[in-house]
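A, B, C and D label the chains in the order they appear, each numbered from 1.
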């Protein structure tokens, strides 16, 4: 542990201390985060009702999830027959679904049910794909472990197919918060590219299995999708580029990088990109001026820190501190700016100490933890943003983000706090 | 003055005593009541803003009314030029309107402006009909005076035209409360009759002027329309029948009376009428049983007392008292049941004395005065009913009324009042 | 039914399922001649957002214990007001009419007043009668003072001196062709004090309050705040019980009077008060200034304490005048409102809002919406006011917004502006419901009158707690508004 | 825009004008196999209206001053609950996790508990830590009592005896595979009292209250009522300040604890109390009964005081036990609620209403809607309950209605019933929003959880005043519902 001012520091990539008041979540949470948006499959939670109840809310949206609602009986006697019945019933009730993801949570994770065996049986009986995600909450040190489990499951679904005729890409690590998938799709269509699958903001079982037809994978959130992209390169020979659509500079760079790959860049396209960028800068000029030199503290998952950090810096913020709720050391290396403070896994007390030590002009954190800094009187921007606040990706997204920051910073309420 | 129990009685048809806390309203109120629903004309209030403000609410509905909003200046110097300008402007703003009713209220009523002269000028300039209603509030002893003024104005609009080819009627004294016009129209269409004009629940200027083409006038509310019907008989030779559509017995009688006039009655029609009546009685059986022998006190305008009284009696109520907010002696004679108490123009204190003396099971009164009996703990039905409570006319209307009574009588709140 | 359903109908509420035919109410909209849009350029008045003076005087009178307004005019002048009150409060309200008929119009209302007062006194034994004039009595030129004095002489003659000890009289001149209900209340506030207030030379520590058109819920909240501040106070024209009281069952004595209301005695003692607050400048200022001028009671005239700034101003002024500290409990409530504001800023910030209503309500509400980061666009002050625009402009300047203010125009010109440039939200009274539906912009109801929803008269909009509720109404109304994909607002 | 408008669009809110494309969310509805509709006939659980036990114990703990729940399980078990509380209260809530990882699953959670407690005590100096178990620790078979005792020994060794005087410990066993959040609270109510309550032999006159899942607004209303009744009282698990407190700015001392909450001392003294009220039978009964059995404190278990009947029962019981008369001020408020009920009966009478939520909320709300003359049709009691159906049936019999009651089913079967037979109104929590939109029936939000509208946690639903507000919500929701010709509801 190091010390930064009064704030104790810990090395990255470690498990949380018990009682540390961590904001981290569990493997199941992570798996739901990634797989949540996939529409044409059943999501079946094998565990108690609570996991089902909570797991139906992903990034603030209520999703259709069913479960086995394990009781004492099943915990003692084993819940396998209940799982089997539940799967078969669910396929009868939603015959249009092409398959099922079965999330195994803590209870059955400890008792060690042979869930794979049941899945195979049900697959045979129903001729639907049944994929088991072994994601008991305790199985990983934080949610990113669940992200990996989800991507592992997705990877197993991909079949080797012929390359597409037209230039085709997959997008990896893009979760369609507030319509961001649509923004990115629009930029890529502008280049004349076909998007096969968006992992997982816009993915169906069928698209996933044919995602090996793409010529290029575009990796947005490296933290969640990097390993998956690597595997796709190894097994299907699909190269990937890391690209960010957060901020006008990053967006322009991403567009050029992808266009270059397909050899699509010409003067017209360049002009088009520039024009959009100028418009975005133009529309945000007043806001950028107001943000110039203001201090921001960012407390988020590491991948988000990178993208939001870019947006903030483009707005003119000085990022005085970042604290990652969860991250690998690789994630930290990916953050190309060097704020005075970098910390991992802040506890509630540490978050408060950061606020006191740095008195930031803006705090950016997740929607679950935002109320602490709000309560202590700090303008706070929470992510994921609600749908009406709009996508943060691409040029339009930069404008949306700027407006969001403006709303938070200029809210008159702050001036009354000490009034 | 007579005495009934502790309640002092007054002869009917007299002006209210000052300070008597009358519920009566003024001539302008009465004129608005009758003319309010006429759609294709401008309604222009020549008076202060208050008359305009209040007059736009007719039977609980907000209507489009405009006015001259007279200020001190116009009261002192005369408001004629303002009226003229207002009329011309209004016709420019709503060119689709075929004419205007100008309501002259107290202020100009006292100063004695030559409103007729202005109307004639504007008629000439705009080629639109402009009809003046001389209805200063003080000009009559209560609103029924305003009803007459309104009908006088309507009568002057009627032109002598040829009789219609198909059997045609007008309906007089029907104001489309909660869709009652539609109920009555449906019954008459069932007989194969054409309805030319409904005074005034569904009337347009053009229909009014051609209303002399009808073969028969059906008079619903005698109190407001009797004189008008008489004039139409005298001038255009159109006979009228008095008909009530309140209660199944009255409705059946009305239907037969009208059918007889046109010689339309046959076995099929008779069966149809009987069937509807039986259905209405059937559907209300439980309610009628529950109401049997219960005591009702009715405090309304006289014409309403008659129709509501019929409905209540058909439900099984004993009408222990009626008090008319306003009425002529002729109106009272028209009420064919003889309750123990009949009084005219009850003041607030008298209303309370009636409640104490008779402790009715149900009070029926107008929506303006309902809260007194409610506050004193008496189940109270208020008229005019809101639209969602439905029409009270015809067979369906009887069912609606029965349900309304049931709602009021069986509301659990009453049992808590003394709990 | 079940088979005809698609799982999530996108329209939110599916009219289709209701199986009721849609019919257009009117034909296509034709814009008016542009030069006739501003109300100042027209003779014709369309949808005024105000009514006439007498209502204000009647409202004030009904806030006095066992007081009856006697309206010197035609019967409609009372019936229409009874109807208005019935719709707002769902309570009985006894208002007497002089029942002007032709003879009064010709010969004046002397007989009406004399007989009316006698009838009222004999039958209702009120503790106070306010004589409220109308356009007819004012145009005729009734000499109310001499009529009343004659009436009192006759009463004394008939019933003895005591009768005049029981019943007090106040004359309020409220010609309908000037001002509006707001000025009617304002005049009543002065006339009641002029007629009743006395000074004994012995100053009390009591603070007096003229609430204006605050609802019963507002007045109760005002009392709660004053109790928390631990000051001695009296509310004048206190309708909080008279126009919102329990279902009582048949009372022992009739005629029934609602409990509560300000005692006549409180008006009398106001002359000894240490200060008088008019919390609605346009509806109460006259009373406060009169008391200051004649009885040297310090007058404080300030905007309705709504939202943070206006409530701060009120609390501070209270604390200074009464020389009491601001208790922590009040600061706590302020902090809760701030918390609510911070919690919901994403819903309110930069939202464009149009306002309509009486000057006092609109002025304070404008400041409050600015505090919420909203942008007031078009503001209709229903009654021409000299103070409200100032309050509005002050807030606008502080918060750097540039609303268009219609000072005393009619709703037509304001609505025309809204049609051309629809806001995100409308704050207004119940008569704004048509424009709200027409342009598909949600309406938050407040002010005078609200009659098409229930419970508004019982819930406060004033003070920090009222602000909390007002804010919740605003945010929930925005959230309730059905957007095509309304799952965004889960 | 102005030229494209027809003057009064009949649709109420015109999506058209919003110019947002409509897209269907799902394809056409296909009815499920009939035999799979009842939840008892299925293995698959769809949309449960309950979550697991730990949440209840955490909720209860957060109502104690400077108390922290320590969740003996994986991190998700805290994160999900923190998220749930964040959405409902928009407040920070400190909840600690034992951070179970593979080693704990294999070797048990001994180390996690011991190190976790030490960390918490050192870094947060809480006055109380509740150890809340989860399915993992229960399945592993953690011996929490021995772990805790070891942890306490180590603490004493390291920091001296005083450290255990500062921090108290309570263990609540809440395996997630049994009961629900309601039972989790119930158990916490017993375990807190078991661990803390003492009797000195000297009885006090103080009454104790276990509020169950009442919101801060409800608890504040409860306190107000108790103050009006002039009794000595303590609220246990009092979240009214801890989960709804002012925006404070940077506090002097960190870690920040919200103000308020029940003092540990109050739990200790509860053993001397004169009575203990569990105002939510399913969430609190265990605590009350335990206190009665062990410390002879009279237990009163009764439905949430909502509406007339349940509030009457509560007030009467209070008056009897505390031997105080019912003050006029409370009768007054009752009369106001009655008045509001009488004023709005045309809107409520015979309206068919479906209910969904936790047993205690649903049971009392069912009686209230019956009192309003509404007809409850389908009632989902989200957690299987032995008391709530009885309360429902008693009301149903008294009011002669025959609702279908699903005791502990999931929302799927209740929603299926609603699709086949839509009511006029739904009363339920925020997770009823989908069925409300699907069948086009308006939703009145109440109970646990409400997170998609603001201010609900601050406004009471209990007592006569809460009833007034609940009624206004019901009526206004009906009036807000856009019928094709929605001018009927002006």
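The rule is simple: a contact is a pair of C-beta atoms (placed from the backbone, for glycine too) under 8 Å apart; a residue touches a chain by one contact, two chains touch by 3 or more.
Since we're looking at a predicted model, the values are computed, not measured.
**Q** Counting C-beta pairs in contact, which comes out ahead: B-C or B-D?
**A** Looking at B-D and B-C side by side, B-C shows more C-beta contacts.
**Q** For chain C versus chain D, what separation do you get between their C-alpha means, in angstrom?
**A** 38
**Q** So what's the Cα centroid distance for chain B and chain D, whole Å?
**A** So the centroids are 52 Å from each other.
**Q** Express in whole angstrom the distance between the two chain centres, defined as the mean CA positions of chain A and chain B.
**A** That pair's centroid distance is 67 Å.
**Q** Can you work out the whole-Å distance between the CA centroids of chain B and chain C?
**A** 31
**Q** Where does chain A touch two or more other chains at once, residue-wise?
**A** Counting only residues that touch two or more other chains, chain A contributes 62, 371, 374-375, 413, 417.
**Q** Identify all positions of chain C at which a residue touches two or more other chains, and write them in rising order.
**A** Residues 27, 90, 245, 247-248, 338-339, 342-343, 433-434, 485, 487, 489-490 of chain C each touch two or more of the other chains.
**Q** Take each protein chain as a node, join two nodes whenever their chains touch, and name the resulting shape: line, ring, star, complete or other.
**A** Contact pattern: none of line, ring, star or complete.
**Q** Considering every pair of chains, which are in touch?
**A** Every pair of chains meeting the touch criterion: A-C, A-D, B-C, B-D, C-D.
**Q** Which residues of chain A touch chain C once you look at their complex with the stated criterion?
**A** 60-62, 371, 374-375, 386-389, 403-404, 406-408, 410-414, 416-417, 419
**Q** Would you pull the chain D residues touching chain A in the complex into a rising list?
**A** Checking each residue of chain D against chain A gives 27, 30, 32-33, 36, 42-48, 50-55, 68, 70, 73-77, 79-80, 82-84, 86, 89-92, 94-102, 104-105, 111-113, 115-120, 123-124, 134-136, 139-140, 175-178, 180, 245, 247-251, 254-256, 410, 431, 433-434.
**Q** Inside the complex, what are the residues of chain D that reach chain C?
**A** So the residues of chain D touching chain C come out as 1-3, 5-15, 17-18, 20-29, 31, 90, 244-248, 331-336, 338-340, 342-344, 347, 419-420, 422, 430, 433-434, 437-440, 442, 452-455, 458-459, 468-469, 471-472, 475-476, 479-487, 489-490.
**Q** Can you list the residues on chain D that touch chain B in the complex?
**A** 308, 312, 338-339, 341-343, 345-346, 349-350, 370-373, 399, 485, 487-490
**Q** Would you pull the chain B residues touching chain C in the complex into a rising list?
**A** It is residues 15-29, 44, 47-54, 56-57, 62, 66-72, 74-75, 81-87, 89-90, 92-93, 95-96, 106-107, 109-111, 136-143, 347-349, 352-353, 355-356, 359, 367-372, 374-377, 413, 417-418 of chain B that touch chain C.
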